[in-house]
Each structure stands twice: as structure tokens, then as C-alpha cells.
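Have a look at this one before I ask anything.
A, B, C, D, E and F label the chains in the order they appear, each numbered from 1.
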Amino acid sequence: MRRPAELRCAPFSWQRPTGDAAPRFVSEWVEVAGEALPACEEQVDVLVWGVPLSRTSISASAASEHPMAFRRLWRGFATYNIDEDVNLAGLRVVDVGDVVEHVTDSAVTHEAIEQTACFLRTHYPEPFLTTIGGDHSITACVVRGMQKAEPSKKIGIIQLDTHFDLRDPAELGKANGTPIRQLVEEGVVSGQHVHTIGLHGFFNGEPLKEVADRHGIHYYTMKQTRKRGLEATIADALAALTTEVDSIYVTVDMDVLDISHAPGVPASTPGGMYTDELLDAVLQLGAHPKVAALDIVCLDPRKDVHDATVKVAVHTWLNALVGLYKRTSGA
Amino acid sequence: MRRPAELRCAPFSWQRPTGDAAPRFVSEWVEVAGEALPACEEQVDVLVWGVPLSRTSISASAASEHPMAFRRLWRGFATYNIDEDVNLAGLRVVDVGDVVEHVTDSAVTHEAIEQTACFLRTHYPEPFLTTIGGDHSITACVVRGMQKAEPSKKIGIIQLDTHFDLRDPAELGKANGTPIRQLVEEGVVSGQHVHTIGLHGFFNGEPLKEVADRHGIHYYTMKQTRKRGLEATIADALAALTTEVDSIYVTVDMDVLDISHAPGVPASTPGGMYTDELLDAVLQLGAHPKVAALDIVCLDPRKDVHDATVKVAVHTWLNALVGLYKRTSGA
Amino acid sequence: MRRPAELRCAPFSWQRPTGDAAPRFVSEWVEVAGEALPACEEQVDVLVWGVPLSRTSISASAASEHPMAFRRLWRGFATYNIDEDVNLAGLRVVDVGDVVEHVTDSAVTHEAIEQTACFLRTHYPEPFLTTIGGDHSITACVVRGMQKAEPSKKIGIIQLDTHFDLRDPAELGKANGTPIRQLVEEGVVSGQHVHTIGLHGFFNGEPLKEVADRHGIHYYTMKQTRKRGLEATIADALAALTTEVDSIYVTVDMDVLDISHAPGVPASTPGGMYTDELLDAVLQLGAHPKVAALDIVCLDPRKDVHDATVKVAVHTWLNALVGLYKRTSGA
Amino acid sequence: MRRPAELRCAPFSWQRPTGDAAPRFVSEWVEVAGEALPACEEQVDVLVWGVPLSRTSISASAASEHPMAFRRLWRGFATYNIDEDVNLAGLRVVDVGDVVEHVTDSAVTHEAIEQTACFLRTHYPEPFLTTIGGDHSITACVVRGMQKAEPSKKIGIIQLDTHFDLRDPAELGKANGTPIRQLVEEGVVSGQHVHTIGLHGFFNGEPLKEVADRHGIHYYTMKQTRKRGLEATIADALAALTTEVDSIYVTVDMDVLDISHAPGVPASTPGGMYTDELLDAVLQLGAHPKVAALDIVCLDPRKDVHDATVKVAVHTWLNALVGLYKRTSGA
Amino acid sequence: MRRPAELRCAPFSWQRPTGDAAPRFVSEWVEVAGEALPACEEQVDVLVWGVPLSRTSISASAASEHPMAFRRLWRGFATYNIDEDVNLAGLRVVDVGDVVEHVTDSAVTHEAIEQTACFLRTHYPEPFLTTIGGDHSITACVVRGMQKAEPSKKIGIIQLDTHFDLRDPAELGKANGTPIRQLVEEGVVSGQHVHTIGLHGFFNGEPLKEVADRHGIHYYTMKQTRKRGLEATIADALAALTTEVDSIYVTVDMDVLDISHAPGVPASTPGGMYTDELLDAVLQLGAHPKVAALDIVCLDPRKDVHDATVKVAVHTWLNALVGLYKRTSGA
Amino acid sequence: MRRPAELRCAPFSWQRPTGDAAPRFVSEWVEVAGEALPACEEQVDVLVWGVPLSRTSISASAASEHPMAFRRLWRGFATYNIDEDVNLAGLRVVDVGDVVEHVTDSAVTHEAIEQTACFLRTHYPEPFLTTIGGDHSITACVVRGMQKAEPSKKIGIIQLDTHFDLRDPAELGKANGTPIRQLVEEGVVSGQHVHTIGLHGFFNGEPLKEVADRHGIHYYTMKQTRKRGLEATIADALAALTTEVDSIYVTVDMDVLDISHAPGVPASTPGGMYTDELLDAVLQLGAHPKVAALDIVCLDPRKDVHDATVKVAVHTWLNALVGLYKRTSGA
């Protein structure tokens, strides 16, 4: 029996419309992969997946609920960006779903994240790989998985963060304070290929600075960044990495943001980055030809105020795609 | 390409699993009708649809967001009810989606609701028809639509409500304070076939009581109800209607609930019904052979506290289905 | 220039309409006394005034904002009560405004409350005097003022409260934990004429029970009250007082309520009275011929959830007036 | 009977004090017009009225509650602005009340708004006309009404907004996404006399840009505005309009603000204007001799956090009046 | 240098005062054990410890923050209970601190809980052992630890809960849905010695009932409990266990409470137990001579509304101690 | 009995660890003085005390709860500041506790504050004296007490504030709007030695400006400050005072902050200072050799959103100490 016109089918509103009208909203534009994923030879520009893990957060967090909250807002965003006069509808974006979380054994979940990243990078080496966390522990898994998929390629990291994330896994396990330490000490990424931007305040013990120095990690406090200019700071990091690595992984810990702009991030504090700075930064990063992947982590939607911070996360992702569009379109 | 086991596909989690395992959660059990609806000759036990209209509420309301909030909680409910030892999985329930709302012209939306109710009743006369509002103005549309579908049948109404809903459409238009007045004065339902249960406090002007008396509407204040017993009060109403009408429509205005149990209902007040009373009442109603339809209205999820009231709404619906199950299974 | 019909004058909506239509809402019905108060010889049934003092609360409180929040809700209440079939519009109620609070010197404010109570009782000995607090310290001032106005009359107190309010003013000053102790030790009211109903839990130190016993204060815990029945308990208290005193003062500390029903009361706890119990109790009290005054205290609107507790306070006041109506109408 | 000094009369606190003391607070300064409005020949500098309509908002909104929330904060604002050393008490401001909203038929309300604007402009052509919304649909009504009152005058519009508000009334009716489209396509205002400032992000579909271009509407994205400077951008717009039109209407859609500064605006997003920018802008606009009217729309007080956004709205209005003061005083 | 009288030392306010005045508040009464614990031969009546683990909760939870929130409220509770006329100050209560949680490896934390419970029971076999969770997974560890300490003793369990907690550890690991299954299948506790009270609604899959039946677990739905009476139901369970086991462990999953009384419990729902019922139940249980231990779990303070639910938890604990007092005092 | 390793003793976590490991968190670093204070001859760099008084606030406030909320966050802050590469662990900081507040008589509390400030300054003239309020009335007491301790020394004040705080104590008593007026009119501080920075908006009546002018108080509006530069404005004030006074008292009324950055301050408004500006300012002030004391006032934790504003307060205090460190270390 055919459905009467008055009855729309709300639960399917995330799917691409079957007609030939161009998508107008992000919820219509992103393809949701079902049981089957795209064939490897198909043209895909961007993959997005969710990693709902936050049991590994040092303090209690519901960042595991972020991937779903993030998608739920898509229906409020157009594909067209008026500031840059760019319509993202020209890119093909596929949502491949969420990693399955083990209820109690985080090691199992970490392994699944790593294997999935490896699988995706192996079968889809070209698309921009975007990961929606979850807490920052997942970054180590994703980078490790990508590295396994393409072992001959050197990966560099640009990290926007309040913290070094160089705490000791021997003490904490593979918690959200440790991913950069894991990657550097395991040799997945060289410390000299890590650029951390946005450190500030009283949230990094002095010994962590020594760890950073020992590994040759590059870092820029928020104050240094503002003095030099965020755009120039990022340009410097990109310039340094561009000759040294094959691909650049960008990790955005949302706690880099000022607490007034990011109420939904447990570790956000005063003195942080503003959202317009972050949005410009990811656009600049997305436009760089070696930037191959991006993650957005440590946003706890339960702490949010009227979805303000989840809106920032969606903007962050879309602005990176605007950068990608400009790169691919030669704009 | 096949999806790796680690990657589940979250956005489809409302759909029935394709394997042969029995559904365990309401989100797996309810069938979501897509572009095609079930064929008329198929066995369906329950239809559920959403009516996201609340522009017609006297005070500002976001009850329009209730249908989606209501469905979102399904994943937290099992199909099995332990109090009654009933597994609803034996019933077939189809979600036919939401009525399309016109952004500014409520008359267009009201017409669409009426037409859709008529369509559904015409093509699916057997299933229990359950409507998730929206504000109380929609009840007049649904009953009118059902009556058009089956013009020879007399409909009676059992209304659980703090208010008479007998205010004058000449003054307010077809607002949420007027549905019973509309139906009675249009002759769709006879005043003597309306039983309103749960009136209390200072929220019905004295003239409305005169309207009720003039039309022979039966009403029971919350105090009278508690003195007589809610179960006996409902039994009386059912007994009266059973000989007089062909089918009974149950409308649950959630403002009948005490404000301590229903923070998400703009008009809820102290002195109202408790949720355990409501849940028993709808089970009793759902079990009666002449009860053919149910709506749940006037719940504004934006006012809710941690989804407490939306949880009550889902329980209300499921408990009515437990009643239906007992009726159909002869239990 | 005359106002066009489309432009209503919202800021005056608390005033009685000038036309001859009967008031339908409490906001239209209550007369707001301006610079001039009613002449003494006029018939007035009820006086209501606000006492916005909460600096004297032991823990920080914004109960000072309650009188205004209380009045703001009047527009949502009809004058007609459907449970009792009583239309309060037959009573004349005058709002005489708020006592001026001194910003830092509570003794000045306490003196002003006492003088105003004395003034009101002197010039208007007949009307039911209803006081909207503010914290519980104000009860001592109001009773003292009434007693000064009519020194030959004995006053008894029925107190609905979680606490004895018998703490020592020598330790705390005239704080909200002390009013009954003040009144009893100053001889304004005899301890034997105080009946405290609703004590429960872990919120009265053992020494306070000794103070109560020493003064012959009658008290009933919440558990005792529920065993005996609240109606019977109140009937006992009224019966005892009716032969011993000339007039009865009812003080409702909203912390007598269970915290699930009174989120806006800083000291409310589990195990307290439910709102339907309270509403029945004040109706019963308001109907007794010797009950001459009522106050409602210790409600902090800033702690409230969607005005739920302020709604309870308005119901409490109106239900007492329903009792008064029944008393005066001989119903 | 005279009122004792201790009893202040709180409910009248919005009225001008009867003594000769200069007003100190905005609540004392603004005159509330009762049944009678000022005679036409009286000197009035500013009219303010409320338009509590938000049923025409695309998503559910309680912006209808903004006019009353806006007035309620007046008591916390002095008439003296220390930044500019200006005392607004020198201006005469009259609050003419709220337009009556029809509960279900928005067309009736739109008509009432238009008629009232026409009435006010006809009888009071000189005062600065300030309108407190409500949603953005009202702007079309107010401008239409003003144009009818003075049909020979050309009106230009400066719009501060995240959105074009050029969506199609044929699709949505006269909803809050459509007012500029209505005015331009009806010929009330020429597209070339519309300057829209502050567009940003992913909230304007590409087709709307084509509508804007087709009509010759001038627009400046937030990024362009920040590059050029907001003051210079506004100066450009004013310079262009000053030779082309007779009077300029300023419409402030509060969603132009960054979400961190405007939690109470449903459509606010990251990347928007900051409040200090907005406050400077309206001061600059208010000071221009052709700026004749201002509205403030799309603020939903129920979404607000501790009245932060309503405070911004009151500042916005007062800062425009500071501009007006400077204009009239020649400062 | 001696401290001036005006300067009190706030951070130590949890400690017992050094003077000889009797403690008045729970915060003064409970002894905080520092580096040294009481000697084994000392008389201790009650031990209380915190278990801040909630990573093992199926859905994200901050129940790990409950032990500290629970203690923080002690300063608001007197040691005297007026309902029962009992002063708990006669009991000696020692707070032995919190178990150290591993940040990522829950198995390590589970082991630490079990070892600590074993240590405490070994060295302090007499005192009533009270555990403040944390999520429900901890119950399995505590009971296992107690059983190891006294392997010859049979333990029975009375569980107040919405859920069976019989889900399969093979699927979930030792998550909060599994503790009873763990204990029964490991043989630590016999299924016939488990009595689960308060099951209700749609939150237990049908297969779990089969697991319960297979193991001979006794269970009572909320409806059955209310029909039989909660006091009688508990008396039955106690009577059955008293002849069969050596000691009874009481576990209170706060989700047994109705959501209107327990906003701070993620899994609470309508249709649950009320707080006065729970408080009576634990008093009855605490008074029984074989009840040796109690835990309180699954309360997430971040979800709470003004500490309402944490207040319930403190009452629950104190009421159990009132029962204990009555038992020991022979009252 | 020795404590097992698994059981940490949470309630003592504010104390300095007994081992020789350097403190890593502020909670470990600050010494909590118990009954005994440090001997006068000991080296102490910083004293911190709490003044939990807010009954003297013009509008209701729970700023009295700030000192405890402020300390509770210490465990989340490292002693190391990465922006300045400074480890505060080199300073000795002693927390001397809270002043005892009288429940109803603020004059008694004010006297206790003054005496305690005098005591501390007398016995510990060297350490930087930092006071955590409470409302702004306390500043007058602290400065008065310091002046009594060292009567020969001239004190200057640098005030960061939205308000002059020059209202008349004759009208309000010693309320939070009056401290500067008290000090200047009593001659404790000369008006010419007061520099008020950050005034803005509509919150200072015109007469207060006349009071400021009459006393020669220096003031800078927020706009003037931003034009001149905040750093330069403060440098000017410091330069002026350095030759005129012996020591400088810095008072930070948190309402100087923009409301988007300080939701927890009742009087904060749009147009205020941003937190990064404030943090730079106090660092600059702390580094000046004549700055001897600092207070932080008017923060109401109950209004705060996820502790955002209390985090700002802790940063403010720590940044001042970073300035002090640089001063003392010659950096």
C-alpha cells in the first residue's frame, strides 16, 4: 500500500532521498552505509565513523554518546557554506557506522578500533578519514591501525589540545591522557613529527614537559600561539611536517577550547582557544594536501548546554571538509 | 564490500534485525514502514504514528518534538513485561511515521491529520490505532477522521485530563483547549458518550462546567476518582459506554499527572494522578474489547528532566498494549 | 488617544478588569492596593502580603524572591475549584504589597514585619491574614505583631514543618530555626498551644526534643501522622486548641513536603508529606472558625524546577481560601 | 487608609514614581501607557511595544515570552551609561503594551501587528519605534505597516542576522525564515535597499544566495565583516542608504550572535558576532539620523541561561537609545 | 601560633571534634580512619567504605562520584532520628576510605574490591559492613570477598532492584547487569538464597526470568510486593533465609526507586518504589540479627537534581543503622 | 592496624603527602593549618583564607559557598604553569581556614573579618594575603584590618569591577555596593589612591560618578580600558600608586567579567572583561613588588554552570601567584 502524502517517514530521515533533487541538508547528503560498504573502486571523498568509547577517560565521561549526538544535529546544517561560497554536496561522504564497544574490557574495544582503522585505510586509502570520538585514548588506536595498513608511510601528528597527553600508560593503562606517549614510545610516530598546539594553564605536570622535550615533540602554548598567530603557527607545523612525513593526522581534543565556548567538554578551562580560531584552523589544515585524517574527541554531550558544543564539533568537521573541497577543487 | 564485525551500523538500530532471533528491545520489535505501508490484508495488531503539531497550544510548547523523543527511548525498553508476565513480541506493531506539519497554517496540518486518520482507519480497520502527539487539538482531528472512515459506527471517548477541554473554538480557534467541545458540538461524538476523568484544582473556569452539564458529559474529579477508586471509575465508564457505542477512543492528556511525576508537561500541577495509577488505568482500558484507539498528548520534551516524562509516555503506550495482548490472548 | 484593540496592555494584567465581567483568573480577582489601602469599614475577606526576607536563613536562600514569583503565577489559576465546586470570586482579597527589607540589618526588617502585622491586625481585625515568606524567622514577627494588636487574645499555633524550629536565638539570633522558641520563651504563645505536625528524619537534634517537652509543645512525627491519619491529627489539634485559645495561626514551612514534591525548598527531604496531603490539610484548617491567619515560608524559587514548588504554594494558599469560603458560606 | 511606610507596593514597581525624584532605573523611567495613549501632539522620543508571536517559527520557540521577560529585567538597569557618559532619563520613552496574539490563526496576528504598526507610525511619526519580538516573521508586518502609514517614504533595511531570511513563503507561509523575501517580492522594500550583515556558517542554502543576488540585496558574511571591520561595514551600509531612502529600519535577529554569548537563541551557532560588537553596532546605528525603527527578534527566554541573553537584548535596545540620545543632543 | 576564635578550619570539618561535646551531626560522628585503621580488638559497630567504580556500567555513568557526594551531605544530618526516637551517636562508625580505582583496567579494580572486603571481614568480623558504590558490579566482589574471609558461612542476599542483574558475564564481562549471575553460577551464593524485590516494567528480558527460575531465585515484582505489602514481603524473605543461611547481605540498587523520587539514577523508571517504602524496608532489614552487610549502588550524582537522590541514599544508610541500633539495644 | 594499599583515604586528600615526592596538585601543595597556625618566624609566601559571607549582598546570593567550592577544585590543578614555565611548588602557601559567620548579625561577622585580617597582618606581615569571598562588603573589613595592623602604612587599591561600589552605607548599611565608599569616607584609604578598572554599561547611577569625582577616585571604563590596552591601564595605575602608597590591595569583583565567561556571577553582564584579559591582569599585578594582598569576591557557585566560573576564580588566584613567583624569583 502506498503511503499518503501527509505521512512522512521520520525515522528514515537520515537517508539520501531517492529522487534526483540535490541534497540540501547534511543529513540528506551523507550516505549511511548499511550492511554493505562501498566497493573499493568507487570514488569516495570522506569516510566518517563513530568510536563510542569513554570508559578509558580518567574522569567519568559520557563522550561515548557523542557520535550519535553529532549525527543527530546533521539535519540542522546545510551543505552550503556561505563564508567560503563552497557547496560540500560536491563531495561524497560515507558514514560507516560505529565501532562496537565491549561493556567492560576496554582492551577489546581498543583492538577493534585499531583493526577497523586498519581495515578502512587498507580498503579505502584515498578518502579523508574522519573519526568521531569518544575520548582521546582512541587516537592511539586509529593511528596505529592506519600505520599497519600502510607500514611504509610516515605519519605526522598535529594535535590541538590543552594537554600533552604524554602521561604514562604504565601508570594509567591506555587512558585518555596517554595516546601521544603510546605512539611515540612504540615508535609508531616519531616525537619530532608531533606538533602540539594550544597547551595552557595548570593542567600539565612539569614532568610531562620533560617527556616532551626528551622526545623532541614540538609544542606551542596558547599564549605563544596567540603571539605568533594561530595561522602562522599551523603554517609552521605544516611546513615542517610536509618534508618529513607522508601523511598528517590531525587530532582535535575539544578541551583546547575555552570553557565559555565549550561547556560540554569536561576538561575545558578558561584561557583556551575560541571557536572561530578553531574553525579557521581546521579549514587551513583540511586544505593541506598531506592531511589525511582527522579526529574530534573528548566531548561529553551530557555536560553540554543546549547542544552548543556538539554544534561546534559539527562545524569543526564541516570546516575541515571545506578545506578538503578547496584542496580538491583547486580553489 | 562486507562490513567488518567490529563496525555496527548505529543509524539503523531502529530496524528489525534480519536474522531469526526474536526481538528483545522495542526498537527492534516495532516495524518501521518505509515508502510502502503493509498490505491491507496483512495481519497487523497495532499502528503507531506521530503527530508533531504544537503550534495550536494555548501557551508555547515543543510537544511537536515528542514523537521523535518517544521513539528514541524505545531502545531502552524490553518487549517483555515482568509484572504481567507478558511478552509483547507476539503482537505486530507498525510505525507508519509522522504527519507532515505546515510551518504556519495549522488548518492545513489539522486537515492532514484528519485525512490520515481516515486513511488509516479505512485501510486498517482492525489494528489498535495509537497516536503520539503533539498537543490536544489533534484528538479532534483523529476522532473526526476515524468517524469519516466508519460513519455508521458510534464512538465514545474516555479522557484522562486535568481539563475539560471544552473551551470555545469561536474564541481560540481549534486550539488544545477545545477538542472535546469541537467533537460534541459538531455531533461527531455525543456528549453523553464522553467520560472525563481526573479533573482537579483551579484550571477549569466555572462556565466550562456548565458546558459539560449542558451536553451531558460525564466527569469525575481527581478527588472523586480517588474516593471511588480509579479502577472502579474506569470500569463504570467502560460499562456505560459498552452498551452505547461501537468503539471507544482513549485520550491521555499527560497533564492529568501530578507535576512531581510529569515535569515535562507544561500544564501539570500538584494534586494530579500518579504514574502507577495511570499505568494501571491504560492496562485496564487496553484490555477492553471496544477500546480501539489511544492517543498521548501535551508532553513537551524540552521541559522534561532527564527524559522522565517521555519514559512515562512510553510506559503508558506499552501498558495499553499489554492490555491489548491480554484481550487478544484471552488471558 | 485611545488604544487600538490589537494592543493589550500587558504590564497591568495583574489588575482587576474595569468592566463588569466576573474575574476568571486569580490575577484579575485579587485587588492590588496602591498607595491607599481599603477603608477599615469596608468588607474584606482576605489580606495577602509578601515578606521578602531570607537573609536570616541559616543556609543561603533566595526565599526573598518568593512573594513575587508567587504572584506571577496567579494568571495561570482560575478562581473556580472543581474538586469542591467552589468559586472563590465570592471572596474579596486584597494584596497589600511587600514589606520593605533592609539590605544588611535584619533586625530593622524584623521590626518592620512586626509593626506591619500589628497595623494590619489593628485596622483589619476580621480578614483572614495570609503572609507569603520569606524564611521562617518571619513567623515570630507576624505572630508578635498580631498579639500586640489584640493583646487580650490568646493565639495558638498549628505548624506543618520538618523541624521544631526551637533552636536557640542566643546562638543564632532570630534565624529561621528559632521562631517557635522565640514566641514560647517570650510568652507570646504558650508552648501548650503549639502543635507541630510532620517532623521526620534526622533534622532535629535530640536537645530540641527536650526543649519541646519542657514547654509542653505537642508534636507528631510524619510516621505518627500517617498512622493516625493526617485529617484526624489535625482534627485533634484543632479540637484541643478550640477551647484554649481565641485564634489559631497556621504556619506552613514548605520543607514539610517530600523533596520529590518540593524541589524548590532547600531543606526538603525524602520521607515528607505529599502535596495532596498538604492541600487537604490546609483546606481543613481554613474551614475552622478559629483559624485567623496563615503563612507559607522557606520556598526558594531559584532552586525550583519549572515553578513546580511555587505552583504548590499557590495551591496551598487557594485551598486554605476554599476552606475559608466553606466556613463563611456555611457549606 | 494610608499605607504604612514599611509596606512597599511591589506590583506597581514598573510605574513611574509619583514624586519629583529623577528616575534611576529603567523600570521607573519608561512610561507604561494604560488604556489611554499619549496625545499625538505630545513630545515622545521612543515607543516600545511587544509582539509575542512565535507560532510562526520554523522550529518550536517560546520567543513569544520574550517581551515580558525583557521588561522584567528593566529594574536591574540604571538609565545612566557610564561608557558614553549619557543619561537616558532625558528621553521620554513610552511602553504601549503588547499586540494581542490569536491562539491558532497566525494570519490574524500578522494582520494585527501590521495594523498596529500603521496606527503607531500614523499617529506618532516622530518617535523612534522599537519592537520587541517574537520571531522574525513580525518584521515583515511592522515594515509593511510603517510603509502604509507613510506610503510616500522609501524604507531601507539593515539586518543583523545569521540568515538571509529569504526562504519562500509559498512553501512555508509567512514564517520566520521569509520576512525579507516577503518585503522585497511585494515591493514594500527594494532589494537594493536591504543590507544583511553577519551571515555565516552552514545555515543558508545555496539557492537563497541566488535569490539575494537576483534582487540585488547587499550582504556581508561574518568573515568579510570582521576583515573590513564591523564599524566600517555598517558605515558603508548607512552611506549607501542615506542617499537612497527616507528612513532606515534596523532588524536585529539575535541569532547573529555567537552561541557562547547567546544561549537563549535557538538558532545561534559558533562563529557568530560577539555582544560587544553588537552593542557598538546598534549604538552606531541609533546615532544615524535616518534610522527610524529597530526590532529585536528570535530570543527564546526558556532556552536562556540565567537571563544572560535577555540581558543582551536589553543592552541592545538601550545602546540604540544611547545612539539616539547622541543624535538628538548633537553629542 | 594559636588560631584566633574567629577562624574556623573548614577543611577538617569531617573530623570528630576533640572536645567532649557529643557529636550532633553525622559529619562529626563518623570517625575517619587515617593511615591507621582501628585495632581489631576495638569495639566498632559499623564500617563504611566507598567503591568509586562505574566504568563497568552498561551505559555511561558517574556513579564513581557517589561516595564523595554521599559523604559531603553528612554535615546536614543530625545523629538523632525523631521518628524512632533513636540517637545513633551510641554506635561507633568508622569510615575506612575509598578503594583505589584503576583508570582503565576494571579487573584490577574488581580484584582490589574483593581483597579489601576480605580484609575487612577477616579483621573486623563483627561490625555491620556498609558499602557505598559505584555501580552494581561491585556487589559480586564484596560478597565474594566476604565469603573468602569466612568460607564456612553461608550468605543469603536480599536485593532491592528493578532488574534481576542476571545478565550473562560471558557477553558483558563483569558489568553492572551481572553480579547475581556471577555469584550464583560461581557457587558463592545459592540461587535459592537470593530474594529479589521490586522488579517492574519492561527492563528484564524474558530469558532472564528463565535464568532466575532455573536457579531457584525468589523474586517479587513491584506489583506483587504492593499487593502483599512490602513489610510482609521482606518478613517472608527474612524468615526463609534465617533458617537457611548464616548471614544476609542486603543490596540496594537505587534504580528500584520510582524516577520521580530518584532523578539521579540513570535506570530509574516510573512504577518504582517510593522513598518512604525504601526507608521502612531498610530499617526492617537493619533490625534483623542476621543482616550483616548493606550496599547502595547505581546512583549517579551528575544526573541528580539538587542532591535529592544523594539525600535519599544517606537516609537509606542511616535508616539501616537505626534498625541496627534497635537490634543491638534490644529496642 | 595498617591500611591495605587498595584502600585510599579520600577525605584526607587535601593534605600534603607525607612522602618526599614533590606535590603535583594544588590540593597536595597548599598546607591546611589545623588548630595551630605557622609560627611567626617561619617562612610563608602566601596565606589564603575564606570569608563565607553573602547575607550583605544587595540581591540574594550564595557567594558564602564559594570558599569551599574554590578549594574543592584544587585537586584538578597542577602546580606547574606551562605558559610561563613556572612551578608554584617553590612557594609555601598556607590555608588558614574560614572566618566564622554569624547567622543573623552581619555586623558581628564584619567585625570578625576585620579582627582576623588585623591578626594575620600583624603576625604574618610578609606573606601575600589572599582572601576568597563572599561578597564585596568584605573588602572594607579586610583593608580596615590590615590598616589597623600597620597603621603607619598607606594602602592603595586597584579594583577590577563593573561597579564603583560607592553606594551610601547610610542607606544600605555595609552592603556589597559600599566598600570603597566606606574606606574612603572613613579615611582608611584616600580616594586618590583608588583605581577602578572595568566599569561598563548601565549599572552605575549618575550620582555615583559624582561621588567618585568628589573623592578623586581614578576610574577607567571597559571601553577606555580596551582602547588604551588593559596592560597599559594597569601599568599606569601601578606607576601612579607606586610612589604614593606603601602597599597595594587588589580586589577582583568577578562581575567585571563578561557574562558569557562568568555565568556564576549574579551581576555579570555583556560587555565585560574576558577571562584571558583578567588572567593576564592579575599576573601583571601579582608581579608588582608593592602588591600585598588580593581578594576575589561576588561569585555565587549555585548560579555556576559546571563550575566554569569557580575554575576562573582558581585560575585568577594561581595566576596572581605566578606573578608573585616571578617577582620573588627575579624572573
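Following the convention adopted for this analysis, a contact is a pair of C-beta atoms (placed from the backbone, for glycine too) under 8 Å apart; a residue touches a chain by one contact, two chains touch by 3 or more.
Here the structure is a predicted model, which means the values were calculated and not measured.
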Query raised in the report: Just how many steps, at minimum, does a route from chain D to chain E need if it may pass only between touching chains?
Result: 2
Query - Same or different residue numbers at the chain D/chain F copy interface, by half rule - result: different
Report summary line: Chain centres computed over CA atoms; the one at greatest distance from chain E is chain D
**Report entry** Furthest chain, CA centroid comparison against chain A
**Finding:** C
Query - Whole-Å gap separating chain A and chain C, where each centre is the average of the chain's CA atoms - result: 58
Query - Separation of mean Cα positions, chain C and chain B [Å, integer] - result: 40
Query raised in the report: So how far apart, in whole Å, are chain E and chain F when each is placed at the average of its C-alpha atoms?
Result: 42
Requested in this report: Could you check chain D for residues that touch two or more other chains and list them?
Outcome: 260, 305
Report task. Please give all chain pairs that are in touch with each other. Result -> A-B, A-D, A-E, A-F, B-C, B-D, B-E, C-D, C-E, C-F, D-F, E-F
Query - For the chain B and chain A complex, residues of the former touching the latter - result: 1-12, 14, 18, 32-40, 49-50, 67-68, 71, 95-100, 112-113, 115-116, 119, 123
Requested in this report: Show which residues of chain C lie in contact with chain F when the two form their complex.
Outcome: 54-56, 58, 60-62, 64-65, 102-107, 137, 172-175, 302
Query raised in the report: In the complex formed with chain E, which residues of chain C make contact?
Result: 199-206, 209, 221-224, 258-260, 263, 269-271, 303, 305
**Report entry** Of all residues in chain F, those that touch chain A in their complex
**Finding:** 24, 26, 76-83, 85, 87, 260-261, 275-276, 279, 305-306, 308, 311-312, 315, 318
